[in-house]
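Order of writing sets the chain letters: A, B, C and D. Residues in each chain are counted from 1.
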Amino acid sequence: MYQDATSAVPAALDHTLALTLLQSFNGQGALMAWNAKLTGMTPGTCEISLPYSDAVSQQHGYFHGGVIGTLADAAGGYAANTLLIPVSECLTAEYKINIVAPGIGDTLIARGKVLKSGKTLVVSSAEVFVVNQGQEKLCAIMQQTLFVIAKK
Amino acid sequence: MYQDATSAVPAALDHTLALTLLQSFNGQGALMAWNAKLTGMTPGTCEISLPYSDAVSQQHGYFHGGVIGTLADAAGGYAANTLLIPVSECLTAEYKINIVAPGIGDTLIARGKVLKSGKTLVVSSAEVFVVNQGQEKLCAIMQQTLFVIAKK
Amino acid sequence: MYQDATSAVPAALDHTLALTLLQSFNGQGALMAWNAKLTGMTPGTCEISLPYSDAVSQQHGYFHGGVIGTLADAAGGYAANTLLIPVSECLTAEYKINIVAPGIGDTLIARGKVLKSGKTLVVSSAEVFVVNQGQEKLCAIMQQTLFVIAKK
Amino acid sequence: MYQDATSAVPAALDHTLALTLLQSFNGQGALMAWNAKLTGMTPGTCEISLPYSDAVSQQHGYFHGGVIGTLADAAGGYAANTLLIPVSECLTAEYKINIVAPGIGDTLIARGKVLKSGKTLVVSSAEVFVVNQGQEKLCAIMQQTLFVIAKK
């Protein structure tokens, strides 16, 4: 169900593709309500970050685990989309995430990358870091399966 | 690392425990920003629901996958807490979720239950349903590992 | 990527389909080397069991975790195949398994069932039990995604 | 539940620790029946390989998915043990594995590494490669949670 990704990936994402993905990202009400930003994309990778606020907190004043999971899922998914757009796009079939440290800090950064790109399925991973007083700390690790569909 | 749960679980959750858990739930800014409600708890189970709004949407106007994942994680975690409070509580170590249908509807309902309760680890599952015109449809299935810590 | 499974599933598996699946099962060298048996199938479910031997042991003389995982994966996969054969069949895209008790006993039994059956993806689960002095004990819980392909 | 691993890990594994782990590995009947070998260890990493045979095959004559999963689980677990022995050791709490290519070849190689080492939980990952005519090809990707216990 997988085919090998093309061996040589270009270093920069095509400008039109980047705008298409940015438009999709900005159409996601949940991410906009949190003030999430798409802060980086190359072919096969994606970085998303968001600032701390009440709307992303849990009961101890840390970043909520669900927010951490959402950011990881989105970063892995957009990483996959950089290799699929404009012909096709992808949906999350499933993901698995380990929370390895509490989300204590002022900024959350998720960095996704494609591990295997196939015709029907893509496997991505993401690491989520929390930034506290300028120091990045790993707080979550995700592995994800995405399902490729024709672009509407 | 697991010990068997006590064989006979009571049918109703102790009132004081329920209030403690409700207070914890209502302290979660992310869930409050979405207008999520704790709609049911028995020993070993928990139900959470939330109404559709822009703040929980993705780009096609459906419930966001991250919101679905967050609700599943919370339902499994509070299900575990019903068996732990007031002596201890739990943190999510990891979870895995399959999204099996798009979140099209007006209400999201997550139902979590404990599969195995141990001294240090608890395994929970959750099913998430989307309600559309009064019809519930399964949209996600989660399996989760929680880590037990002493209650602060 | 999913479509709803037909609502009414028959209670018994068609005899010809059962034989086709049994033949496939018996062609798996790894399972045969362990003396694994296909001990039950209905549409959407499958049971597999195997006796304890040195070939399935780990360093403390219990059933090996890899053997437990293999049985769970196979039980979920054959459960899916009961709904796909003879038109199509499935491959494991991924699975996640929690080991919740050590595999101490004389027999291992894995029971798989389909949770959601789609045109391209199927989600199954399995529980694995270890039998010790006639008592079944839950030792693992699995959730799995399978990829549907045309039958060769 | 996690604490940061010591920042500076030595480049070579202590000889006595290596022998202890090798002895544990060689005590696993399932791995010995397959003729699996522990082919590399450094602090925080482990490599295991095994040759193709009927005892590790599925119905099409490829490496069995369960064998691939077992090797990944073992590689991640022994990688964790290199950081725990002789004070403590670990058990697999759960793992999630994506099979990304069929296991066609003569040798299977699993490479595990620790991603986060804590007092009670360790998160490892592993990649599994199949070697065909001297060419390594990625066939599986695993993410795993291990539970630390006192060494008996």
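The criterion applied here is as follows: a contact is a pair of C-beta atoms (placed from the backbone, for glycine too) under 8 Å apart; a residue touches a chain by one contact, two chains touch by 3 or more.
A quick map from chain label to UniProt name: A, B, C, D = PaaI family thioesterase.
Fair warning: this is a prediction, and the values are worked out from it, not measured in the lab.
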*Since chain B and chain D are copies that touch, is their contact same (over half of the numbers shared) or different (under half)?*
same
*Is the number of contacting C-beta pairs greater for A-C or for A-B?*
A-B
*CA centroid of chain A to CA centroid of chain D, Å*: 28
*Centre-to-centre distance between chain C and chain A (centres being mean Cα positions), rounded to whole Å*: 33
_For chain A versus chain B, what separation do you get between their C-alpha means, in angstrom?_
23
*Which parts of chain B, given as residue numbers and ranges, touch two or more other chains?*
91, 93-94, 96, 98, 145
*asked:* So in the complex, the part of chain D that touches chain A is made up of which residues?
replied: 2, 96, 98, 100-101, 115-116, 118, 123, 125, 138, 141, 143, 145
*Please give the residue numbers of chain A that touch chain B in the complex, ascending.*
24-25, 27-31, 33, 53-59, 64-67, 69-71, 73-74, 91-99
_Can you tell me which positions in chain D touch chain B when the two form their complex?_
1, 91, 93-94, 96, 120-121, 145, 147, 149
